[in-house]
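Two complexes follow with chain A in common, the first pairing it with chain B and the second with chain C.
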Partner chain A sequence: MLLAVAEQVLNGLMLGSIYVFVALGMMLIYGVMHVLNFAHGALFMLGGYCAHLVFTQAIGNYALAILAAIVMLIAVGAVIERTVFAPLRDNLRNQVIASLGLVLFIENLVVVLWGPNALQFRIETTQAVVSLGVLRFRVQHLLIIGVCALCVTALFLFLQRTRFGTAIRAVAQNPRAALVVGIDVVRVHRVTFAISMALAAIGGALLGPLFLLFPQMGDLPLVKGLAGILLGGMGSIGGAVVGGLLIGVIEAVSTLVIATDYRDAVTFTAIVLVLLLRPQGLFGVRTREEA
Partner chain B sequence: MSAMLSVRDVSAGYGGRMIVEGVSLDVPAGQIVAVIGHNGAGKSTLLKAVFNLLPGRRGRVRLGDTVLDGLAPQRLLAAGLAYVPQERSTFPKLTIAENLRMGAYLLDDAALIAERTERVLALFPALRARLGQLAGTLSGGEQRMLEIARTLLVAPRAVMLDEPSIGLAPKMVDTVFDTARRLAGQGVAVLVVEQNVRKVLAAADTGIVMEMGRIVLADSAASLRSDDRVARLYLGAAGRAFSAPAHP
Partner chain C sequence: MRAFEIIGGLLALAGLWALPQWGELSPYVLHIATLSAIYAIPAIGLNLMLGYGGLVSLGHAGFVGIGGYAAGLLMVDAGWTFWAALPAAMLASGAAGALVGALCLRLRTHFFMIVTLAFGLILHAVMNNWEELTRGPVGLAGIPRPEAIALFGAEIAFRRLPDFYRLTMAAAMAALAVQALIVRSDFGRMLAAIRQDEVLASARGVPVMAMKVAVFAIGSAIAGAGGAFKVSFLRVAAPASFDMLESINIVLIVIVGGAGHLLGPVLGAGLFVAVPEALRVASAWRLVVFGLVLVLLMRFAPQGLAGLAADAVRRLRGKGALRAPGHA
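The block that comes next holds the complex of A and B.
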C-alpha cells in the first residue's frame, strides 16, 4: 500500500509539474500585463506538435526538438501578443472572447496541418525505467519533474536576482511608476509573453511522448493549471507551483481510493471547494475593472 | 543665462479634450520654479505633458540643448529629466534597495550605481536602515522620500516634483523642501507643483499661478508671497469672503 502511495505521489508530481508549466505561464502574463489567455492550453498543445514535427522530420534529438519548439512558440506568441492582446490591453472581457476564438483557430489549424487523428511521439525515455530500491520509475516522469524544477528555479532566480527580472516585477506592481523610472514597459510585456510561451512549449513537448498528441490535449492541463493558480492563491510564483503540484498529487492519489474515471471530478470538486472557501482567490479582476 | 528646462507653448489633454493650453515657462539651472493653482487647474497635466505621457501633446520642450519632443520616458531620463508623479510611484512589493535599483534602471555601471546610492542614502538616512524592507511597509511620507531619493540616482539635470509634500508630516515637508533647495544648490533645475503654497513660495525662486490650464501670473516667489491676489486665493487670508455670503 505504501508503495502504491509513493508511486502515485510521484505520478502526481509529474502531472502537477505539467500543470505548473501552464499555471506559471498564465499567471505571469496576467500578473504583469493583465492578459487573460485562455488559448494557453492550445498553445501548450501546439508546443507538443512543434516538438514532434522537429523530432520526426528534422533532428531526431529530443532536447533539440524541445528547444526548437520553444523558439517556434515564442514566435507564434509574439504574433499573437502584437495582433490580439496588445490592441485589447485593459479589456479583460474582450481578451477572454478573443482567446477563446484563438483556441478554435489553433486547434483547427492543427487539424488542417496534422490531421484529426492522434499522433504518437516515440522517444526512448518513455520506455526506459529506473529502479530506486523497490520503486520503479519511468525516466520520462523523472525528466518532467526535473525539468519543471529546473525551470521554476531559473525563473525564480531571474525574477529575483536580475535587473530585468526585477523590472518585470516592478511593471506588475506599478506600471505607471515603471514608465517613470525608465523601464521599457512594452519590452517587458513582450519578454514576459515569450517566457510564458516557452513554458507552454516545454510543457507540451514533455507531455506529448507520455500519451498521445491530439488537438485537445491542452484542454485539461489548462483547466488544472487554472485550478492550481486558484488553489495556490493568485499572484505568487510559489503559490502557482505549490497549487499546480498539489492538484496533480490530489488527482493521482485519489485514484487509489476512487475509480480512475472520477479523478477529474475530484479535481473539479477541489476547485469548487476553493472557490467557496476563498472567493477572493478568483482572478483578481477587481484591480483593473475599477480603475 | 538660458534655461535648463524650457517649455514653449505646450498644450495637452486627455482624449482630444485640451486641459493645458499654450503654457510656456523656463526653469534655469540651480533654481526652483513653483507652480501653484487650485485643484483641477491642470498642474499635473502640465508635468505629464512635459514628460511625454499624453498623446497628442503640442508645443516644444528642451532640456539644455536636447529637444525632448516625442522622446520615450527612458530617453527623457537618459537626457537628464526626472519626474516624481503626484500619485504613488513606488513598487510596494520590492524592497527599498530594489526600488532604488529600479531608480537607476538605465545605468549599467555597478560602481557608479553604488557610489550614487551611497550618496543618496547619506541624504536620506531613514532609508538606509530599511534597505531590505518592502517599500509598501513604509509610511506615505517615507515612500515620498524614496521616490525623490530614487530620482537622484540618475543624476538629473532637471527634476519635476508633483505635490511632493502631499500627505507628509510637517517635519517631512521641511525635509522635502530642504532637499529641493539642496538639489538646486547643486545646479539642478527644479520644477515643483505644490498645494502647500506658503512653504513652496518660501523655498522657490519663481512662482507661477495656473488657472483653467493657463498661466495667469508669473513672478518672483518673493513678490508672489506679498501679492494680494495670491494671499486671498491661495494662502487663505480673508478666506472666500469676497465671493460667498457669510453664513448668518
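The block that comes next holds the complex of A and C.
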C-alpha cells in the first residue's frame, strides 16, 4: 500500500508539474492583464504539435525541438496579444468570449492540418526506465519534474531580482501607477504574454511524448491549471505552483480510493468547493472585488 | 411600422410552417431546419442569462444534458410519454439550475465563469461515468419520438419528419414568446438594472441574488426543454452531445446572433447549423471559421448580427426622422 502511495505521489508530482506550466502561464496573464485566457489549453496543445513537427520533420533532437516550439508559440502569442487581447483591454466579457473563439479556431485548425487522430511522439526518455529503490519510473517523469523546477526557479529569480521583473510586478499591482513612474505598460504586457506562451510550449512539448498528441489534449490541463490557480489563490505565483502540484497529487492519489473514471470529477469538485468555501484560495488574500 | 413588423413576422412564420410543403424539398433541408430550431431553444435560455442578465455561463450544455437525460430515462426506463417527460425534464434542469445558481451566483466575473465551467464538466463526467443510469459513453439509445396526437380529427404523427419539424418550430416559438414576456416584464427590467449596475440596483431595492438565481433557473429549464427535443430527435442521449465544446457552441450561437436581442439566438442557431451545411464544408473547417468569426465579432461588432441589423434600422429611421421636418 505504501509503495502504491509513493508511486502515485510521484505520478502526481509529474502531472502536477504539467499543471504548473499551465497555471503559471494563465496566472501571469491574469495578474498583469487581468484577463483569463481560456485558449491557454489549446495553445499548450499547439506547443506539443509544434515540437512534434520540428522533431519529426526537421532536426530529430528533442531539446532543440522544444526550443523551436517555444519560439513558434511566442510568435503565435504575439499575434494573438496584439490582435485580440490588447484591443479588447478592460472589456472582460468580450475578452473571455474572444478567447473561447480562439479555442474553437486553434483546436479545429489543428484537426484540419494534422487530422483528428492522435499522433505518436517517440523519444528515448519515455522508453528508458530509472529505479528509485523499489520504484521504477520512466525518465520522462523525472525530466518533467526537473524542467518544471528549473522554470519555476528561473521565473522567480526573474520576477524578484531583475529590473524588468520588478516592472512586471509593478504593473500587476497597479497599472496606472506603473505608467506614472514611466514603465512601458504595453511592453510589459507583451513580454508577460511571451513568457506565458513559452511555459505553455514547454508544458505541451513535455507532455506530448508521455501520452499521445491529440487536438483536445489541452482541455483537461487547462481546467486542472485553473483549479491549481484557484486552490493556491488567484494572483499569487507561489500559490499557482503549490496549487498545481497539489491538484496533480490529489488526483493521482485519489485513484487509489475511488474509480479512475471519476478522477477528473475530483478536480472539478475541488474547484467548486474552493470557490464556495475559500474563494481567496490557500495563500491568496481577498482583494479584488469579484471574489 | 409596428403593423409592418407584425405582418412580416406572421409571413415568416407561415413560410416556416409551410416549409415541408415547398415543392421538392428534400428531407435533408427539413433535417437542418429541425436541428436549427433545436439549437435555438437552449440558446434562448442562455440569452436570458447572458444577454439580459449579464451572466456568462460556460456550462450551459450540462443543463441541456440534464433535460435530455431526464426525458430519455423517463421515456425509456419508466415508459412515460414524451408529453409527460418534457415538463419533467424542464423541472429537473430548472431545479438543477436553481441549485447551482444559488451556489455559484455569489461569485462574479472570472470566478463565476470558472465555476460554471467546472459544473458543466462535472455534469459531463457524471453522464460519462454513471453507467448504471446513463449507460456511459455509448449513450442511452432507443429514445422514441413524441407520440402521435389527434388534433381537429386529424392525426399528427411526430414520427414523421415534417410533423416533428413543426413541433420543434412551435417549441422554439414558444421559447421566444416566453423570452419576450420575461424581457418586457418588471422582472426583465430589474434584470437589466442588475446587468447595468448591480450596486445601484441593489440600493434601489432590487433583490439582486433572488433575481439572478431565478434567471439562472429559467434559462436552465429552457435549456432542459431543448435537451428533451434534441434526444427525441437524435433518438439517443450521449455524453458527447453535452460537453464543454457544446457549451462553447451555445455561447457562440448567442453572441453571433446578438446577445440581448430577442431574435438573436434564432439567427445564431440558423447560421450555426445551416450555413456550413449549405456550403458543404467539413465539420472541422466549419468550427475553424466560426471560431474566427467569434473573435472578429468581439473585435469589431460585439453586439452580434441582430445588433448590427438593429443599428442599421435605427440609422435608416434616424435619417428619415431628420429629413421629415424639412418636408413638412
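To be clear about the criterion, the second predicted complex is superposed on the first by the 278 of 291 C-alpha atoms of A that agree within 3 Å, B and C clash if a C-alpha of one lies under 4 Å from a C-alpha of the other, contacts with A are read in each partner's own complex, and residues count from 1 in each chain.
Convention: a contact is a pair of C-beta atoms (placed from the backbone, for glycine too) under 8 Å apart; a residue touches a chain by one contact, two chains touch by 3 or more.
These figures come from a predicted structure and were not determined experimentally.
When both complexes are superposed on chain A, chain B and chain C end up sitting side by side without clashing.
Of the two partner chains placed by superposition, A:Leu199 touches none, neither chain B nor chain C. Measured by the number of chain A residues touched, the leading partner among chain B and chain C is C.
The superposition-derived angle at chain A (between chain B and chain C) is 90°, Cα centres, a multiple of 10.
In the overlay built on the shared chain, the residue A:Ala265 is in contact with chain C alone; chain B does not reach it. In the overlay built on the shared chain, the residue A:Asn108 is in contact with chain C alone; chain B does not reach it. In the superposition on chain A, A:Thr166 makes contact with chain B only, while chain C stays out of contact range. Shortest separation of chain B and chain C in the overlay equals 19 Å (C-alpha atoms, whole Å).
Within the complex formed with chain C, the chain A residues making contact are 30, 36, 83-84, 87-88, 91-98, 100-109, 111-112, 116, 219, 223, 226-227, 230, 234, 259, 261-262, 264-265, 268-269, 271-272, 275-276, 279, 289-291. Residues 163, 166-167, 169-170, 173-174, 176-184 of chain A are the ones that touch chain B when the two sit in their complex. Listing the residues of chain C that touch chain A in their complex gives 54, 56, 58, 103-104, 106-115, 117-119, 121-122, 125-126, 128-129, 244-245, 248, 251-252, 255, 282, 284-288, 290-295, 298-299, 302. Within the complex formed with chain A, the residues of chain B that make contact are 51, 53, 72-74, 77-78, 83-85, 87-94, 98, 101-103, 105-106, 150, 154.
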